[in-house]
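Quick one: the structure is below, and I'll ask about it shortly.
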Amino acid sequence: MFDISFFIEVLVGGLLSGIMYSLVALGFVLIYKASSVFNFAQGSMVFFAVLTFVGVMEKGLPFWAALPVAVGVMVLVGMATERFVLRPLVSQSEDTLLMATIGLSFVIEGVAQLVWGVDVRNLDLGIRDEPIGWVLDSTGMLISQLDITAGIVASVMVASLALLFSRTKVGRGLRAVADDHTAALSIGIPLKQIWMLVWATAGVVALVAGMLWGARSGVQFALVWVALKALPVLIIGGFTSVPGVIVAGLLVGASEKIVEVYIGPKFGGGVEVWFPYVLAVLFLLVRPEGLFGERIIRRV
Amino acid sequence: MNISTVLQSSPLQSNVLQSSQRAFPIGAPILELESISLRFGGVKALTDISFNVLEHEVRAIIGPNGAGKSSMLNVINGVYVPQEGTISLRGERLAGMTPTAAANLGISRTFQNIALFKGMSVLANIMAGRALRAHATFLEVALQLPRARREETESREAAEEIIEFLEIEHIRKTPVSRLPYGLQKRVELGRALAAEPKILLLDEPMAGMNIEEKQDMCRFILDVNDHYGTTMVLIEHDMGVVMDISDRVVVLDYGKKIGDGTPDEVRANQDVIDAYLGVAH
Amino acid sequence: MATESSEPDTFSKLLLLHARQRGERPALREKKRGIWRTVTWRELADEAAALAAALSARGVRRGAHVAFVGDNRPRLYAAMCAAHWLGAVAVPLYQDATSGEMAAPMQSADITHIFAENQEQVDKLLLILPRCPTVRCIVYDKDRGLRHYNQPELVSYDTLLQQGRELVAANGDAVEAEAATGRSEDAAFVFFTPGTTGPAKGVVLTHGALIGRARIAAATERLTDADVAMAYLPPGWIGQTLFSYVQPMVVGYCVCCPESSDTMLADMREMGPTYFLATPRVLEALFTQVSMRMEDASRLNGRLYRTGMAASRRIAASTSAGETASLSDRLTRAMSEFLIFGPLRDVLGLSKVRVAFTAGDAIAPALVNFFRTLGVNLKQLYGSTETGFFVAMQRDGQVRPDTVGQAADGVELTFTAQREILVRSPGLFREYHRDPEATAQVTNAEGWFHTGDAGYLDDDGHLRIVDRITHIGALSDGTPYAPRLLENRLKFVSAIKDAVVFGDRRDMVCALIDIDMAAVGRWADRRSIAYTGHADLASQDEVYGLVADSIKAVNAELAQDPALAASQIHRFVILHGELSAEDSVLTRTGKLRRGVIAERFRALVDAMYAGHATARVDSADAHQGTASTELKIRDATVARAHSRSAA
Amino acid sequence: MFYREAGQFRTSYAQDSQILPLRQDRVGMAVLLMAAALVPFVANAYWLSAILIPWLILSLVALGQNILMGYAGQLSLGSAGFMAVGAFACYNFILRVPGIPFIVAVILSGICAALVGIAFGLPSLRIRGLYLAVATLASQFFIVWSLDKFAWFKNYDPAGVITAQKIMILGHDFASPREKYWVVLVIVLVLTLLAKNMARGSVGRGWMAVRDMDVAAEVTGLSLLRTKLQAFAISSFYCGVGGALFAFAYLQTVEPSAFTIELSFRILFMVIIGGLGTIMGSFLGAGFILLMPIFLNVFFHTVFGKSVDASIASALEQIIFGVMIITFLIYEPLGLARLWQLTKERLRLWPFRH
């Protein structure tokens, strides 16, 4: 028989991890908008960011000191990427850039392991991963504090980023850049600063995402693959649309959990490993430009 | 600028026009377009355009920038599908054209901004133009079975004939990306010819060329028409050149047809004159 | 030779002989549409027979004149065979001649039939057709662009061939018989000499004369039917026709036609000829190309090249002096032979060359040395159209760059008081076509021909050419002066493409210099000297400096030779455009037309002798086309003459 | 400088378009093949089974990847998945079809991979670039997952591992590394030859046309659908065969998780470093990626006198690969093969530079 409260549990869990997919996906979107590069290395950046954070904390820095350090490092990484990978490849084909960022992801992962080693660390944010008492009492549903907190933080991030895009001058500038670099330059948009800002934000986003994931399932290499889930999210949401990836993230998160829980067992589980991708492909066949992306007309 | 400079004809020599008779006399209409209209979303690219192309003739479509010349060409070979209007080839109405279908019907073309296969040699580009005539399956090719070998030789022979025709023997095996603009245009013409088309669409074949290159290109266009009897539809906005090599001219402006006839008729057409004086050069 | 009579004495008989003896061996190869197409001797004979049949049907009779206008193509030579088959006289013309230049031969030789390669040639011919009433038929090979021509005179080669094949099928024996009826004293060719002075004269040469000469050349060079030659010079020049028609007909070797002039070098590398003919001009171009490309080569290769060259020169010197070269030199030579010269010869397509001849004009000894040092067996050949070309030739092992070798077998040489070379040989021309006076002027009762060249035999019988008798003059102080010697030395400088010196009845020698755009252009690029074009580059002071230095060097050489010390170049001008055949200051074979030049550049020359620093040349003269341009005149450094004189 | 081309002229198009038109190259190739055939007599078992065999196999897979990416310009991140299909298909054919010849099984497994490839290639008709990359990722994950979850594929092996059967050809068991090497060598050489034939023929021109300018390709009458799917099928076939050999001649015991996305990336790297759109590049790239770690080890041994901690080594390896990729993409997008090609041009024009 169908247990509705259990379903809600699953749904909420899914939505919560979904919002974190969106969070990672936002990192991609940011960079894609700024330098029209699909930064495959974003996943590795998530990993690297949180690893750095945990690493410096282990070196004895307090939480509030470690945070800016980690952010700083991510900004550096971002700038380095922009300078040594993207700039030399400017005006190259999308595929070339993608491959370059795949290479980049290898470098970042390599560096991460070289600097911080490979062993799994756990990250304690002071929030315990156990059901919230009153919810359990009132509804009998198991909903983890950590998940909720993560969900809230993520939502805040997402919301503020959405605002950053739509409301602020920077955001508008960013959109101009996304449309046409040279034009943006000509109307006096400081490309350099924009890029730096973007990479910084992307770094922060990565860090936060990493922390949330890390707090839940330990800081480990697997994060890279979790982050990769952002790809289908992007495809479904469209590369340039902030609301798109948010919706898509929730969609993917929820659907994969539901499928995993209700259909997965029939195949011995693990469905969520591929489900989002297949979902994305099916989606592509009906709507290649994504949920909110605009249709591409072929010119000759 | 005065009218004479706009419409004046360049001192280009052309044997076809001098000669009393032509190798392939102009025949019946081969291509007919009736009240073609094309829109992109709200934007009207072409509005109710009708004209025909006679077999073996050199037909020019001219007009100021943005007049819809390229769109017209794209409609003819099925890259764009017009919302209204009909295209018929030898009296047969063509519905739902695609570029591939057009190719199969013997319509071949070149592009305004060169669309060569950058990674390949001149020879390979031209041979690639014969895709339609390659029937051997990948297995036959992989195993070099007789049919594959025969087809390969055939297409090489055809390509070599074109290379000789276009006088590009010396760059036969050069990657096209290394060639100067003018030669690339010539190679693209070669690739279009390789398909042995009945109708050849040329999208600004002389754009961005210096006068010698233009004259060469004109010679090649006329020679192709004279040698293979290929029907030509070409877009150009260098009026002088067009007037010299084309038998009849269609003039477009803002997606509408404002003139149609022999070069001299068109020169005399007041609307055309206005349209051309309208555009600031 | 005793067996002379028994051997075939006309080209058509030779053709049939080869068709029998080596029917399946290649007679002609042509790079066409990317691959080398072969015509065997049998195929050549058949095609010739067919064409002959068709031609006689179209009224070609014994002794008629058939013109050939086109590049080296198997079909051109097949058509030549056909003409000879019918006992007609072949008149090869320069394919790049203007229609105006073509009119004269057409009229004076009563050309009835013409073989034209393509539309370009046909257009030229149609232009002059009204002025040439005798022309009845123009056969064109490539129909591209000709589809719509409907002149009655025009017929395509293919049609002709088709008709011919039918006729042969009908009565082959009659056609076959025609070939045998020729006699050795019949006229075979009329070559129109691009006279460096006056109008072109038609030189009539008989089958016997040419075949005889060719046999002797073949014997001395031991040519076999395994040899391979490239045909890339104008067939209108006797040299090319000798090497691509006459000699193959005698020897049976294979002649190869490049795809186009653009691909000549590449095609030559593919084919790898064994027997090579080049004009000094071609060799100069080749030399310039090599030196230019070697300058761009890797530093190591550059050094190996230079040291190797130096070593080989020393070796050559010591061997000619009868000493044995030093071991180190020989080692260096060996190494650079393996690392540089071998590959270099191969890249140039000369690695299989067994015998290479340079002819057609005098050549700078240094240039000959260069190629010999590279390991190419380049030899000089002296002769003219009237003398059947093979008058004197260098024999293997006795090559002296400053002579043209000993007289060829059967050639007698004698000299007039003015040192003019007189030649008597079975290879002499029969007459100037329709021009008895001219013929009488250059030949005398004993059958001696006046070459118009001044020269002398040195102690061991090697012929030395000084210059054209008409060019030889004296400086105002009386010292004899021969411009060509000086010009060749100048031309050997890679920066200088052409040079014209003046000095006859003058107190000093001055020169017009035409820089080699390619070489100097690169030189300028390397020094990042900006220039807009030929004229601009030519007027740059740096370039004047470059040329001045090379002239200084040349002067130093001249000073070594007491005979030439006085002829050092004192002043020079760099021309703003190249001397070319187009504006008729050069002949089609690239010889200077001194008369024309002196006329055209009078103002300039006078200015040089007047000692001005500049001279105005107005548009008609300056190749600029634009209105009058200012040319700079510079003094050249003159070396002090050495006193130790040999003479 | 070793080239002596004068006199090597061609009298037919067949001659002109042969794989090695120059005599010197033919000689070189002959020597190379000879060496490849005889190397087992000198190389020890380690070299054969740890380096040469995987090199050949991965070269084959890289070749497959190259056909799709380098020639047809379709970005794919799923090659390991298709290898997996090949490996397990081969295992099951031999397991379930009694007496099936090894070679037949290999070919069939290649065909299975090809079919799967076509299925996952379908999206390529609508999408390109990284959209396609994601689609291929889907195949990667889905295939590995399903092989993992459906025990049938693994003949219900409790450990979820399959053990490749013997390589039986004409009743002979190719058990020793040396014999395995020869089997692999022959298969790889034959398939390479076929690939070369396709690449230089009309098929290859079709692929490259689609890669370089698909609109123009369509206008020449080429069907994008057929061409792309063909590329996917053939590419997957090569990966499949590679996978089968990977399992039978190299790993012996295989689990689906052996064909991870990391492997796909490595193959991608082989193609990029080796040279997109070149046959030779696949071999060079595979060799490079394979030998790099070994060199690294040797290097550390000689420098620090001791082998470094595995994790550090692998980290360094990753960094080096990543840097290599970026550098090659920036400076020589056509990879090692291009470098070789340039050297060869120099040698042909020696002593000139150009």
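So that you can tell them apart, the chains are marked A, B, C and D in the order they are listed, and the count of residues begins at 1 in each.
By definition in this document, a contact is a pair of C-beta atoms (placed from the backbone, for glycine too) under 8 Å apart; a residue touches a chain by one contact, two chains touch by 3 or more.
Here the structure is a predicted model, which is why all the values come from computation and not from measurement.
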Among all chains, which one's averaged Cα position is nearest the averaged Cα position of every protein chain shown? B
Could you compare the number of C-beta pairs in contact for B-D with that for B-C and name the larger? B-D
Could you state the distance in Å from the CA-based centre of chain B to that of chain C? 45
How many angstrom lie between the CA centroids of chain A and chain C, rounded to a whole number? 77
Provide the C-alpha centroid distance between chain A and chain B, rounded to the nearest whole angstrom. 50
Residues of chain A that touch at least two other chains are 300
If I count partner chains per residue in chain D, which residues reach a count of at least 2? 13, 215
Would you pick out the residues of chain B that each touch at least 2 other chains? 79, 111, 156-157
Which positions of chain D touch chain B when the two form their complex? 13-14, 17, 194-195, 197-198, 201-203, 205-206, 208-209, 211-213, 215-223, 230, 234, 277
Residues on chain D engaged by chain A in the complex (per definition of touch): 73, 75, 122-123, 126-127, 129-131, 133-135, 137-138, 141-142, 145, 148-150, 215, 261, 265, 268-269, 272, 311-312, 314-326, 329-330, 333
In the complex, chain B touches chain D at residues 77, 79, 98-100, 102-104, 108-109, 111, 115-120, 124, 127-132, 134, 136, 138, 141-144, 148-149, 151-153, 155-157, 191, 194-195
Chain D residues within the chain C interface of the complex: 1, 3-13, 15-16, 348-354
Counting only contacts in the complex, chain A reaches chain D at residues 38, 40, 84-85, 88-89, 92, 94-96, 98-100, 102-111, 113-114, 117-118, 225, 228, 231-232, 235, 267-271, 273-274, 277-278, 280-281, 284-285, 288, 298, 300
